[in-house]
Amino acid sequence: MAKELRIGLVGYGFMGRTHTNGYKRVNDFFPELEYRPVLQAVCGRTEDKAKEFAEQWQFKSYETDWRKLIARDDIDAIDIVTPNDTHAEIAIAAAEAGKMVLCEKPLARTAEESLPMVDAIEKAGVANTVWYNYRRIPAVSLAKKIIESGKLGKIFHYRANFLQDWTIDADLPQGGAALWRLDAKAAGSGETGDLLAHCIDTAIWLNGSIKDVSAVTETFVKERMHTQTGKMEKVEIDDACLFHCHFDNGSLGLFESTRYARGHKALYTLEINGENASIRWDLHELNYLEYFDYSDDSEVRGWRKIHITDGDQPYMDHWWVPG
Amino acid sequence: MAKELRIGLVGYGFMGRTHTNGYKRVNDFFPELEYRPVLQAVCGRTEDKAKEFAEQWQFKSYETDWRKLIARDDIDAIDIVTPNDTHAEIAIAAAEAGKMVLCEKPLARTAEESLPMVDAIEKAGVANTVWYNYRRIPAVSLAKKIIESGKLGKIFHYRANFLQDWTIDADLPQGGAALWRLDAKAAGSGETGDLLAHCIDTAIWLNGSIKDVSAVTETFVKERMHTQTGKMEKVEIDDACLFHCHFDNGSLGLFESTRYARGHKALYTLEINGENASIRWDLHELNYLEYFDYSDDSEVRGWRKIHITDGDQPYMDHWWVPG
Amino acid sequence: MAKELRIGLVGYGFMGRTHTNGYKRVNDFFPELEYRPVLQAVCGRTEDKAKEFAEQWQFKSYETDWRKLIARDDIDAIDIVTPNDTHAEIAIAAAEAGKMVLCEKPLARTAEESLPMVDAIEKAGVANTVWYNYRRIPAVSLAKKIIESGKLGKIFHYRANFLQDWTIDADLPQGGAALWRLDAKAAGSGETGDLLAHCIDTAIWLNGSIKDVSAVTETFVKERMHTQTGKMEKVEIDDACLFHCHFDNGSLGLFESTRYARGHKALYTLEINGENASIRWDLHELNYLEYFDYSDDSEVRGWRKIHITDGDQPYMDHWWVPG
Amino acid sequence: MAKELRIGLVGYGFMGRTHTNGYKRVNDFFPELEYRPVLQAVCGRTEDKAKEFAEQWQFKSYETDWRKLIARDDIDAIDIVTPNDTHAEIAIAAAEAGKMVLCEKPLARTAEESLPMVDAIEKAGVANTVWYNYRRIPAVSLAKKIIESGKLGKIFHYRANFLQDWTIDADLPQGGAALWRLDAKAAGSGETGDLLAHCIDTAIWLNGSIKDVSAVTETFVKERMHTQTGKMEKVEIDDACLFHCHFDNGSLGLFESTRYARGHKALYTLEINGENASIRWDLHELNYLEYFDYSDDSEVRGWRKIHITDGDQPYMDHWWVPG
């Protein structure tokens, strides 16, 4: 039987819920894993809410001070799902306490803030991860496998975008529990750290390092009411970020992310064009990967829409049934 | 240089325009053809309209009596694009006069009415065709070629539908120049002869003969004002026709056509499922053929969207450039 | 806190896993429900497998005889996910024991076999359901809501199909743990009860009762090795079923289901055409509903692709975030 | 009857064929136009080919020297479809001769080369156009109309790309009749002038002027055999061009064009995101315009796929029938 991995979750927002859901389901589908997550404790500053969250999701206990959580002997791993400005302090303390560190992306607000985290982790020698979960979507993993097989040949282009529309309303305030993502002090950056970070992580994973970048950012709504001060304050995060770049392998990259693309709730698409073949993927069709192979017989050559649950796909043993 | 084929067109409605457009363009794109259509004369009962049509489309002359047209020595082929109730008489007269006969579908209103046409044609030994033009769409021709290659294996299913929505309005009258298609005396049948006839023709061409049929027809709007009588009269055409059938090759067929499918102007789709491969096509994406081949490597197997102008396709020499 | 509903699950195949997954997750997402399922016991004839299933999915206990399971005082509900030939006997016994009865579809192999089940349930007065789960897909529930609003007007057409391709291989045997669906003695019917039953259930829910039917069924592979006898035996289930019908509301229905549509793992689509508006849905795009409304301003009228998690949709409170 | 507009066509390549096709068809569909093009003469340096082209497309005469063509009294308009390096000289001479000037895009190889053309045209006061034909695609014209109606509100984003894959093969030579587009001396630029020029023209038409640009270009195949010298020579055109920009209206633009996107023959897409609504269009689905309007009732809100031939669309009178 799998060993227990006792989780201490810091934060109980949207990401707190998704991580908890993952912990509860992972062993149902992957019973062969070495570890089995146990929902040991959730931590939040507001006692009522922490307690309610613990009850709904069946955590064994709750805390209101993350330092106490880290100090507990019955916690193996600290999962950090709080606003970005708190990541560094918690992660460094957790590493120093010898805990496994599981940190939401982006790592922190700036590179300056992130480097001491890396140092602390390396010094403590603890297991760790940053939650760039898109790599593990089966269709994206298949893309990785096809790329590594060499079927694409020399890569010419990589393009990705992540489009949302949830902050267009100028009356939306900044700050507070739900909207810390609009407050530069808490979030560090806007969608660059929130959405574009995913696009970049997947790109580096699939296509290697980026050599140079020419970027532009924009803040369309310049002032928003701040929930903590009650006043209109300057918005210092970016609403959109676009860039073109060169990858080390000589290909050109084009990236765009925004929260002002009316009609898109969470459109994440990527496409890679190689000499011999191309691949594209769209989060809205999560389980498909599109693939064009120039070496196909030309009479029946065309973009293929591969359904990831059809046949001998890598995650197939863990799926329900084909389809 | 190609020989002249002097056309006498009987009728100047929607189909008169499309045929004329085809005649004017065919040699631009297929200069190697043996014949070159010449717009010799158009024929219609109303002189003003026949003259206007001739001028707009550059016919050399016009007639108001189709018998005179057939009698002319300078006409090689009679193209019949009049309402269905007139096809038989004109076609038989044209064949007897030794003209090539080009007849719009459906051949006539009933099998009884059609057989003498076939007899006349065979007796006269004249060249002839019925305008089931969908066979010649490049993607449909490619489907034919793939099927003949044997790639599909044993065929299990053939399904097709043709959906329109243009007669839903109960205030639309029946009869007259534009709306003879709603008048059973002129049209013989409703969408069975109009739309479903195309589906059946393509099906027989691609999948062989039909052995038995179980059909249902429906007339949703029971009475419409008749433009000739000025009174509400019973509608005797069918508004929709659905059937399932067996083909001689053992496959099951499913067909549907209607003029009451709100939201569809002219949706014609077909799909063939074989043991090893499947094909589907959609008139709204005219130049694509979708193809699924089970013998593909399972990791990258999926429906392929073949663009008919990509590469070594049969009509490619006559296209602009790939894409 | 929600009351416990102690589940006794009979069967541990594919449907056993999906039901269990549902029981484990339902309260995470719907914390306000009156009941909370508890995985009390799973029952299967092979002790090793029942035990293993109980451990993987965290059932508190297991049984090897369903009569013992029904007799237990600590079980509130019997969930029947065994082959179809066993549904009636188990359901009747469960009802007589006063348990809630949750039975997989189809109810039984024939109407004759099903009627005593209904009688037993009614006599016992116990809560019960048959697992036609597609009704509860948010996009299908939205379709229901739109239809009930009257936006479609008079209904002309309903069409649905359910296409799979998993039994094309003639070497696939019939009978046994995995393949009882191919054995008429265990399954009663082929895809008529398996897939088409879903199409019919959704259709009746959305469009009312069916008045008459003209159907055809086909068995493409006539003989298969039987895993219990070791011999080639006649296949008595249907591989495909097609029918057209009239609904009580005057609309025409067209249905098709098959396990021989190469390239389709589980394509379930439905479309309803009304006088004023149409709706269509595709299981492969689970969270979208397509909608065409003729009353839209004609300049911007077109099929709308409604994302079910966008905005004020009925299930939205239980979803993650929009998108 | 429409007045004659006697065309003298300089060049007989791919664009020569498309322009000629347009001239031959325009009055069939737009009989009310003031002018009627007449195919007076085609001009090309190789006599055999000029003659053959004239015969196939039914030009009344041919020339081998464009200066003679311009000198002819029976020519009203000079249509220039030659390589880009010849545009300026021909256009200036035609303007000075008082002819209408119809020039293929891009206007010339550089701004320096183009300005004297503009001066000559203005001085001569002759009618003129540059063939940015995408503006006149009905769906793009509808986009323009919707934008002008104000339905989109403040514009945040404009993105467009034009992807092809026809020059990936490194063995493709540069120069000569067919491949002058790869020769910088003849073409001036690569896909920047060829494809991206279309994207930019449409963008400016729909979204106003561009304020600043940050661009990158790339030449993936550095050397190609030159058909005139027979030697490997440096390729000086750009194979791909990407840029981000600000428009004068404050929106961000993102553009990409390439001839190295394997799997795309001619993918031209554009999307505009406004505060209240968004629009997108794809050349592969020429007759559709997608439209998302946030002011729709949220329950049935979604991207609409507007079929340009449905209903009261601006070009509808010139179409066949709806659909």
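Note that the chains take the letters A, B, C and D in the order they are written out, and that residue 1 is the start of every chain.
Criterion: a contact is a pair of C-beta atoms (placed from the backbone, for glycine too) under 8 Å apart; a residue touches a chain by one contact, two chains touch by 3 or more.
What you are looking at is a predicted structure, and each value in this text was computed from that prediction instead of being measured.
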Considering only mean CA positions as chain centres, point out the chain farthest from subunit B. A
If you tally contacting C-beta pairs, which comes out ahead, A-B or B-C? Let me know. B-C
Mean-CA-position distance for subunit C and subunit B (Å): 41
Compute the distance, rounded to whole Å, between the mean C-alpha positions of subunit A and subunit C. 35
Where the CA atoms of subunit A average out and where those of subunit B average out, how many Å apart are those spots? 54
At which residue positions does subunit B touch at least two other chains? 264, 303, 307, 310
Footprint of subunit B on subunit D - complex, ascending: 1, 14, 17-18, 20-21, 24-25, 27-28, 31, 55-57, 164, 166, 264-266, 285, 307, 309-310, 320-323
Contact residues on subunit C for subunit D in the complex? 142, 145-146, 288-291, 293, 296, 298-307, 310-313
Using the touch definition from the top, list the residues of subunit D that touch subunit A in their complex. 156-157, 159, 161, 163, 165, 168, 214-216, 218, 220, 240, 242-244, 246, 250, 252, 254, 256, 258, 260-264, 273-278, 292, 294, 303
